[in-house]
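Two complexes, one shared chain (chain A), two partners (chain B, chain C).
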Partner chain A sequence: MAIAIPKFIGMTKVDNMRYLPLTDNDRSEMLETIGASSVDDLFVDVPEAARLNGPIQSLPMHASEMAVEKHMRTLSKKNLAAADAAFFLGAGAYRHHVPASVDHIIQRGEFLTAYTPYQPEIAQGTLQMLFEFQSQVARLYGCAVANASMYDGSTACWEAVAMAGRVTRRKRAVISGALHPHYTEVVKTMAKFTGDTIADAMPSIDAQPDNAGLIARIDEDTSCVVVQYPDILGRLPNLEEIAEAAHAKGALLIAVNTEPVALGAIKSPGELGADIVVGEGQSIGVGLQFGGPYLGLFAVRDKKHVRQMPGRLCGETVDADGKRGFVLTLSTREQHIRREKATSNICTNSGLCALAFSVHMTLLGEKGMRQLAAENHRLACIAADKLAAVPGVAILNNSFFNEFTVLLDGDARAITRELSMEGILAGVSLGRLYPQVDEFSRGLLVAVTETTTEEDIEALCSALKGKLS
Partner chain B sequence: MSAPNKSGWKPTAPEKIASANGTGKHGGPPTTTGNYALMLEEKLIFEIGTTDTTGVDLPEINSDAANRLGGMARDKEFGLAGLSEPETVRHYTRLSRQNYAIDLGLFPLGSCTMKHNPRLNEKVARMPGFADVHPLQPVDTVRGALEVINELAVWLIKLTGMKGVAMSPKAGAHGELCGILCIRAALEARGDAREVILVPESAHGTNPATAAFAGYRVEDIPATAEGRVDLEALKKRLGPDVAGVMITNPNTCGLFEPDMKAISDAVHDAGGFVYCDGANFNAIVGKVRPGDLGVDAMHINLHKTFSTPHGGGGPGSGPVVLSEALCPYGPLPFTARTKDGVVHLVEEENADAFDHKEAFGRMTAFHGQMGMFTRALTYMLSHGADGLKQVAEDAVLNANYILRAMEDVLHAPYAASGPCMHEALFGDAGFGEGLSTLDLAKGMIDEGYHPMTMYFPLVVHGAMLVEPTETESKAALDQFITAFRSVALRAKAGDDTLATAPHYAPRSRLDETLAARKPLLGFTAAE
Partner chain C sequence: MARYFTDEHEWIDIEGDTATVGITDYAQEQLGDIVFVELPEVGSMIDKGKDAAVVESVKAASDVYAPLTGEVTEANPALEEDPALVNTSPEEDGWFFKMTIGDKAELEGLMDSKAYKAFVDEL
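Our next item is the complex of A and B:
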């Protein structure tokens, strides 16, 4: 674990610690007021043996803003940024254009440096934003109620499974083979500790998702069926028939969406009968950020399930003068009130990411959302056609939105590594997602968004031609 | 130019003039708009926008284009209102002005560590090599990102004196869960099924919720009259059914647990593990290492001690430092540096090679809160080992200054027993008839402050927990103390104008009962 950090990362030791306003003079005056002879008197409860005498050795001393920025820039430059490559990665995280005003608004100090809105009289900005955010997510998902957000899509997915257990009082979750394998892994990890049974499967590498196989696994003990839409291979399962089959056995359908932009073009999971809809909101407003912070979305189709939901909820009310206002509500579900009987141990939401999502969604509106989705789909269709024409490349999917699976005559993981050295980030290989499954090694997930240019598509096709011929 | 306004145009809205009777804000007359100068009302997006309005510039949809949506094409409107860019910027700017924030003033929220958020952190997090990289890029294209994670991990290990760190947990409560799951995995690995986790009554609500989630029964740890863990009572309760204890140190009364090492030794002797809630690490960073006190697992809220922004309720970030006994069970993925200097990403496929096949699983899809890691590392490098020590000293000094400035007007239950750590605790004893901690808190709003943490910890009646942090100047503290004293004196004198405070905020007291009784959780058009 050793790491070489220079003693001072700047050229020279700087005098001032720029984030600490107390002067030595202030400190002496304050100690005198307190009646302590030195600051060590204030640490008197810390046993002598445990007290450190000076700054921790082997860590650097304080450094100037200029020096720190330089150090971090050096680390930043060791990464290949998506903007500097022909970029086709997806698999749960998508690169979209974020309007400049989004980042401006989330950097306003009144949003950035506010706390959780527990004092609603001076937090109406955050609260109204959350109320609007909940409304936007509910509409996008075709649901009655959405919460104020979760950590990310994968943790929201687990929370949905746990909630389905509370609603149905059953403990067996049936997971579609085409759920993102990392999401499946999170669900299985959590279930190990709660005693839930997780019936998972591997995806079938076919043009169509295997709905019949999934439906056959639902039984009378099943609490929920978890289906990704679009699925990990980019295909669009018909949720309606899965919902019917689940409901016939008394189970809930949990729909998982990792690409909210798709919902500008395809039917919402709620209107197809999903009972709980969860997903990753990162595509809208948040950015790639190497995997976090992201934005977990969580909604229920029927209001009757609201009291079993995890996480914060913002609701409308009035103030003492009768004016409309907003508060966090139904907190008797939450850990700070219910303690060990809470619906979840979650405390934080992804407030600032929810703000970014909400601002971007407001800029898009219904019209922009549909246009954005159409443009993603148009470019994805072009890319699929052009790739299909490359010898040694076959398109798997019958249906897709902006991401599809191609099968290469070669090891896709090795090829993506080689292409990355040429400035082409070709996609996520199935070998990366399912390293233990040799039969998947030819698979490559290719995602195309409005940021992809036709030149990028040409570059990918010609690079693949070079590797596969 | 023809004659102006030949058509005789008049505004269509009826004339609306505020009544000269009645009063508006600050005793002045009411206004027509309901706005009061810079205090501006703002409607919901759904009331001002339309589904036809957009603030982005995208190509028109070609409705003849073929689609490959497999029959799933959307055919219904979903009713998302849009705004143009100028309207959007104005909407959110107006909303922002209804928020209190650290940038506006002292934010004395005990246990939450609302310190200044340096803007260099924001600048660094937005560097394209951090902000614009995908979590599943080939690892050779993200070595710098892995180095950031690893460098931060080393800082956390050295600052805490622990053996390893799980970086992926997304927030404090997620980190608690990670730590407790490590404990359970370690116990299961030795075939030791234990049922109970001991948690003091003064703990954060997340502690018992986490233990219960992990399948444990929660029992109280008794406290002494001095607000600390009762070591002798704890020792009596320990036994083969106790998996571990969850202790906050410094505790939620703002006091250091002087017996921490003895507590850890007793728990270890009984075969259990020690979880420490790291929410209050700001008081001791650079002064004491939890590893030296026998702690087995502790989460670190990067958004508290290490200055990443709270953002109105997240995102947080909660890496968990682990002792040697728990390290093998930490979740995937994580980073590891080999002797050749290369930082590797350790996931399911190569966990064996990194001697980590006992990992209890995966807690989140990707690598954790990268955007918070870059900010926290920037902050650590800025302060350095010497600066972080100064952070703890100044935070503790500021809290004691407030404690001593207030103890003659407010009940301070533990003040007599000695100094506090980074937060000062008060109770509501001696308040006038009908007045409560809530009323005092709302009175502080009128004075221009965010209230302190209220009614927590539960062990003190009407608790008020005040944490100023180290980023306040003496002048700012003096001004706060003046306001706090005056409101406290009003509460004790029974000043009933406090019962209806705040009087000058964008809203007066909100009806929380109504909100819960008739939940309205999203916009619906007029019913």
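Our next item is the complex of A and C:
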């Protein structure tokens, strides 16, 4: 006998199926206990005009699990998944290969169940992992101390701005025009509630970032200069020059990195004089994951700033018998102890994503990290050369790691949308990042990683040829 | 030189127009081993009753309030290297900061050493 699968949309009520476990009896008993006559009585404080009158329109009736599954499968087929396309999207979230062993290791019960250590010292394995994670981030960033992670790159960026305010006792942050606009938005949103002044700008669409323009905006009231490295257009700003100018005015340099793989090929921001280095760690171990959860990285170059850092810090110590052990340290900075005077509201960390980062980084090792970076750059160079040969395409950058900006003879946002219908995700258009700026509409950010094949690059070039000729 | 005390367990030495501020022996005893002192910036203005410094021990982090209104003229550099000075010499070498006295009338509400001793004995 065939199993009849009921239709989901527009189906009739199935009396014995329900998502909510309460019966009408349960409800009336609860209402009686609290002395309300109906559920609606509980909402009388909501102004009547704002209250929903009757059931939600066009919401389908509940359906069986099998019917819902089938419906969702149909919907999911409308997606164009990253792995099913020639994929060139980046702009702060990169598709990298995550070895299967990473997922296997992070799912071990010993790691997975010890989410956030409330009685930290009892979870020595978790603490050791965090300590190793911090050591890796500190080395990658060229810094003395890294914390046990933040929520994501953008919130880490804000935390750095707030920290610079505490260190310098100034409240004006100068933001490079070439910082990811979403990061700038997060910083501005947070600053609304702290009274900090955020001096932001638009990026200059040139082969090199406008260092002189940025430096000219630093004054004696500036707490920090925030610079992305590589920047939103894939270019490499001269951090040393900016660090020198910032320090001359008593301001800190905050370097923001959205692609940690780049640091396998280019000098670390700490080495170049950045005081606080923050970024997104998603590229290593975490995956795209539909946009989150991601992993904020946070480090300071000089140990003297450690007490102004946000977030948890794991430290190494010895126990009463002289054996190596780990503790959460300098907790007096944190909210559960210092309350409103804490250095940050964050009182946790992205534990599982940090673990994934750390496991992947450990598997790579320094040599693997350098090879991975070299492979990314090699393929990006091939893509840039091939794209430059397409009539109607010009490469903007004269330096890049694995992502660069091209200018198309046409509206890049419209063209990328058309290409997506052909199974090619050509990149992130500047029109999407800066919808209000018409003169950016020709710009397209193209990211290339080790997952990109030469066939993908060919497919992109020939599809663009078709659109631009 | 006159020494005054506050009910927040700070001592204040007045010498001419300058006040030297620290925390009392009783306070350091309550706090336990002191591991860090955050001092106000020289040149900053502080208001009586508002936060001026933070003292952190193995037990807790506590605020030190400004006992008077004025401008910070000096912060004890020795505390950066050796915060435990606050434990070993709270009322001498472990001073926190020096400040100008904006309003001498503010001294009137403070205790002398006899009154402070009586205050502590009551606790």
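Assorted remarks:
Methods note: the second predicted complex is superposed on the first by the 387 of 469 C-alpha atoms of A that agree within 3 Å, B and C clash if a C-alpha of one lies under 4 Å from a C-alpha of the other, contacts with A are read in each partner's own complex, and residues count from 1 in each chain.
Please note the rule applied: a contact is a pair of C-beta atoms (placed from the backbone, for glycine too) under 8 Å apart; a residue touches a chain by one contact, two chains touch by 3 or more.
Keep in mind that what you see is a predicted model, and the values were worked out from it rather than measured.
Contacts of A:Arg169 after superposition: chain C is touched, whereas chain B is not reached. Judged by the touch definition given at the top, the superposed model places A:Val437 against neither chain B nor chain C. Residue contacts after overlaying the shared chain place A:Leu364 against chain B, while chain C stays out of touching range. Contact with neither chain B nor chain C is seen for A:Ala201 once the two complexes are overlaid on the shared chain.
The wider contact with chain A, measured as residues touched, comes from B rather than the other of chain B and chain C.
Legend: residue contacts after superposition of the two complexes on their common chain; A:Lys341 is shown touching both chain B and chain C. Counting contacts by the rule stated earlier, residues 332, 337-338, 341 of chain A appear in both its interface with chain B and its interface with chain C. The residues of chain A lying in touch with chain C in their complex are 169, 307, 332, 337-338, 341. Touching chain A in their complex are the following residues of chain C: 36, 38, 41, 44, 51, 54, 56, 60-61, 63.
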